[in-house]
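As written, the chains take the letters A, B, C and D, and residue 1 is the first residue of each chain.
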Amino acid sequence: MKALVYHGPGNKTWEEVPKPTVQADTDAIVRVDAVTICGTDLHILKGDVPEVTPGRILGHEAVGTVESVGSGLKNVRTGDRVLVSCITACGACRFCREGRYGQCLGGGGWILGHLIDGTQAEYVRVPFADTSTYPVPSGASDEEILMLADILPTSYEVGVLNGAVRPGDTVAVVGSGPIGLAAIMGARLYSPSHMVAIDLVDSRLEAAKLFGADVTVNNGREDAVEAVRSLTDGLGADVAIEAVGVPASFELATALVRPGGHVANIGVHGASATLHLEELWTKDVTITTGLVDTCSTPTLLRLVTSHQLDAARFVTHRFGLDEFDAAYDTFSRAGDTGALKVVLTRS
Amino acid sequence: MKALVYHGPGNKTWEEVPKPTVQADTDAIVRVDAVTICGTDLHILKGDVPEVTPGRILGHEAVGTVESVGSGLKNVRTGDRVLVSCITACGACRFCREGRYGQCLGGGGWILGHLIDGTQAEYVRVPFADTSTYPVPSGASDEEILMLADILPTSYEVGVLNGAVRPGDTVAVVGSGPIGLAAIMGARLYSPSHMVAIDLVDSRLEAAKLFGADVTVNNGREDAVEAVRSLTDGLGADVAIEAVGVPASFELATALVRPGGHVANIGVHGASATLHLEELWTKDVTITTGLVDTCSTPTLLRLVTSHQLDAARFVTHRFGLDEFDAAYDTFSRAGDTGALKVVLTRS
Amino acid sequence: MKALVYHGPGNKTWEEVPKPTVQADTDAIVRVDAVTICGTDLHILKGDVPEVTPGRILGHEAVGTVESVGSGLKNVRTGDRVLVSCITACGACRFCREGRYGQCLGGGGWILGHLIDGTQAEYVRVPFADTSTYPVPSGASDEEILMLADILPTSYEVGVLNGAVRPGDTVAVVGSGPIGLAAIMGARLYSPSHMVAIDLVDSRLEAAKLFGADVTVNNGREDAVEAVRSLTDGLGADVAIEAVGVPASFELATALVRPGGHVANIGVHGASATLHLEELWTKDVTITTGLVDTCSTPTLLRLVTSHQLDAARFVTHRFGLDEFDAAYDTFSRAGDTGALKVVLTRS
Amino acid sequence: MKALVYHGPGNKTWEEVPKPTVQADTDAIVRVDAVTICGTDLHILKGDVPEVTPGRILGHEAVGTVESVGSGLKNVRTGDRVLVSCITACGACRFCREGRYGQCLGGGGWILGHLIDGTQAEYVRVPFADTSTYPVPSGASDEEILMLADILPTSYEVGVLNGAVRPGDTVAVVGSGPIGLAAIMGARLYSPSHMVAIDLVDSRLEAAKLFGADVTVNNGREDAVEAVRSLTDGLGADVAIEAVGVPASFELATALVRPGGHVANIGVHGASATLHLEELWTKDVTITTGLVDTCSTPTLLRLVTSHQLDAARFVTHRFGLDEFDAAYDTFSRAGDTGALKVVLTRS
């Protein structure tokens, strides 16, 4: 089969590799029908994720059709259309039994396109398939369901649920890239009073309005803390969601929040941040971090099929499955191309 | 001044009475600008609420203007436009300190138009006014804010919050009278997958659609349990809200709910119901009852002013403040008139 | 092997039957080292549980040693000492993924000694063994760990956790049989101010004192509602736990609870109860029912090994594995024998 | 009357000042019967709290007898024995209505001995006395109740409740000074499996054992992270409580916690700390800060009177009310004197 193979920083090729086979009796082999590219894949290509070694097939998001299954699978059957989640869950360890699949101690967690071969290929082997895939509801398109592989559960669980958004809240989201937009869309499910998008790039703020922000702040020009205070009787945001992953954006989130509020970090951080405990110690704040567990995926599937969540809105560019070069190029130059999520589909 | 005085079952008159004065230093005297009639007022007039004695001024919902204040008030000032809540809160007892104002042990709770003179008058004395009134936001109309005196916080707190509605849920509401419709509107804030309205009257089910139900069931003709199961893989509703107040509707709610789900009773009951513990004991259900606390009122005010909640939609009929006879007549014949809430305003 | 086989109401024999073998690849065959009898087993023998058909091996609680395993097991290995839980969990269905194993949709739930052969035998086949057994901590005795097969997680999850017991609470437990005593022991973990045991039998109330009740009420002679009110400024219990399973005890629990309190039903009910909604509708009560999930088992294991929970205290009588007749006799005449839990161990 | 007056850094005198009088109608004048010294008072004396200006009477903890009351008080009466809480609550602002008294927007919060004259005096004026004092239960000693003015609610709310301690948890407390010991005592109410005390001073660790720690770690000599991991299958503490207030202790707390665990900061910080987001972003941690609200005071009072909490254990030294010099000397040299809390009582 063909697959996108990582050959060290800056190097990837769409090349012929052996087709995967069932190795453990809870494996499923899935034919990839639609796949996307994550910001994390760009980090890997820069060499920022050293666990990914040359020879690895990239990708951790897919919608596909089950081609063969191990003898131990109870729910997944050949021919099923499934969502392959970014998180693999053994289903039996302490953390999986608590629904904390991202922290799986039994060989799961984020492994696809990271510690084992991934989804940017014609076929992918999915371990623990009973607890790591979800059936695609009838009537739903591959494209919209694909958005539930990573970006939507990540922003919903790590941003919206950890942030404990409630109706009537003022929610500030720092960063209006795809993850920030997904946090805005997810927070909207709770009917906040104000949804404030904060970014340095005006075109992203325009996108934020389309995804549900009623207030936008360009914090290159405007004081975001003041803007949020003016909406909240001087108190600050009920919930501040960090969706960038650099120290400054996290520190801004902690400055935006009101006494008693929540700061939910979604961003992937490569450096430590300064926590202003000399101000925060009296402020009754709750700060959370988290890796997605995908425990919200069944909920998100219901929200998509009941038209409460317009998942397809993220898809800005479409390619064939063999057009990875063009797709990565478009996605990596999002500032120019306006790409949010690109989708590659088998023709 | 003029007031609507109860003179025993079936008897009420709009008559001249002494204008109220400040009695305790935390009292406010409020000029009534807009007032409505509650289903409970009809019960009182039937003689169902014996604590209400002849001579009592009726009514527990109003929007008005503060005319004078006791010396102990810190927040409420003469000239303020305020929402007079159906619940009066001393603010200092055990339950008030927990936000459970409906259970106030310090002389509050539901007292207006019940144990003391009420709001269906030109002026009303409001005890503990600092903790029993809310400022009307600028730009909001009396009419829409008046809906926050009772019906909206009751259905939101006792139905939606007690029921723990979450995004993606299937929510079944038994009863599509004003309280049921308010529960539908309130549950919509959490983006359920399905909002099922159940009633015996088709015209009410039509109203339910306007308030946000996507599925309606006339349980005079259709099997509501089956209808809900067909939406939920045979499991039942995540949340069943009882909004009628008779044994049959409560028992239906407990039959509608899925294992692990919530039954939230809002209805005012005059008789006991049968609880089928022989079926329910294994079903992991949570059943709640409750009196409104109005602790959600600040949240609901923000939702109205941010246009997340269309409170004014309940107002079907309008009258002058001296037209109580016509207003009661219209409201009590809701089946014919289609009345949801009637509003009487000072001209 | 030998096993205790049900032959219809009133009939059971310890007889030779075929030794179980691995049928599915997630089965384990466990040699039973210690086993106990549940009150439910007595119900089965009376013919109250028609799903149990003649020929069925009884029992759903055991501690044993894994003798053989299916090829699909990842965690359970031959030679492991394991606790066989009363609840079998497929680990992959919707409810298992929420930790609600008692409601397993994938073929689990309470099946041992019910829908499939049970633990009152020399060997037992345990399906889905990875998610249905727990390793016995080194240093712990079979006898104390055996108490975690059913009685302790049931009373802890369905009584204490569902009841939301908090430090400083007044907790009333209706019924001082083994399950009631286990609820007292479990609630004590949260340091209540008062732990009130209510029963009709003085000897049980004496036992309740040993398990941690500081107040006992014989409700054949005393007014339990008044007794609890006198401890709580007239308000009632923060939490009332029902541990009997008849309408009167449930109705007492709902009368004992304070406004805003919790009623947690543990009892197994064969008939419906009367719910006094005409009194309860304003009382802000939360009523819960539930089947044990055993999701608390890892926590309870830690509490036993850290000496926070004296599980062995329940064991009043000990027998050899072939002495089921004597053991059932002793357990079924608990009023005379003082039996709480009987343990049968392989010699 | 006599009072302890602050005269700038390093300067305090027990001197004659005017006796306070009722200024607002919700004031109470309380005769101080017992008073203690807080670590914060030492900070004030060093000049670290510039809001405290020369001339201010120090102290924010007392037990006393109400001598006179303003006309607006409903619950507090002359002659009542009351606990004067460190937090004053207006009872009517947004935060007070949520029980978040420490963030009071209506003129309360921490004001005694800070923004207004305090309790280290023969008499003290207590604003908003209905919501800022608690009746002393009959039978309780001044000394034990005095421990509920600050140290016990602070450690319980900000450490134990914010940290979400549960039965069976491994709880690590960084710092074994009085606040750390109070956190240990408070966490014990939830029956943790292991209570780990971490400090640099062996004598404090000995005290920690008396307050309920079963494991002690001198992190000057031992690796605290390793010690906690060895207790927890390598995962880390369920809850890490910071009870020192310097960057290193906070950073240690964040290193001690397991994936999915809680870090609860109690310490008073004067400088920012480093938050290692590059490690924590995937760890599902929850970090909380907080000022005490004293909303737990009624619970703690019940725990003291039901002998679940041995509050008096903190009192190591006793003085007369005019012996402030000796009392401050003893308290400020805790390393030498072994002082935990000193109590000064009116003779």
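The working rule: contacts are C-beta pairs under 8 Å (C-beta built on N, C-alpha and C of every residue); 3 or more make two chains touch, one makes a residue touch a chain.
Just so it is clear, the structure is predicted and the values come from calculations on it, not from any experiment.
Among the remaining chains, those touching chain B and also chain D are A, C. Interface comparison, C-D against B-C: more C-beta pairs in contact at B-C.
Centre-to-centre spacing of chain B and chain C amounts to 42 Å, using the average Cα coordinate of each chain.
The set of chain B residues that touch two or more partner chains comprises 98, 298. Looking at the complex, you find that chain A touches chain C at residues 25-26, 71-72, 74-75, 90-94, 97-99, 106, 130-131, 295, 298. Only residues 166-168, 189-194, 214, 298-300, 302-303, 305-306, 308-309 of chain D touch chain C when the two sit together in their complex.
Those residues of chain B that touch chain C in the complex are listed here as 95, 98, 100, 102-103, 245, 247, 250, 259-260, 265, 267-278, 280-291.
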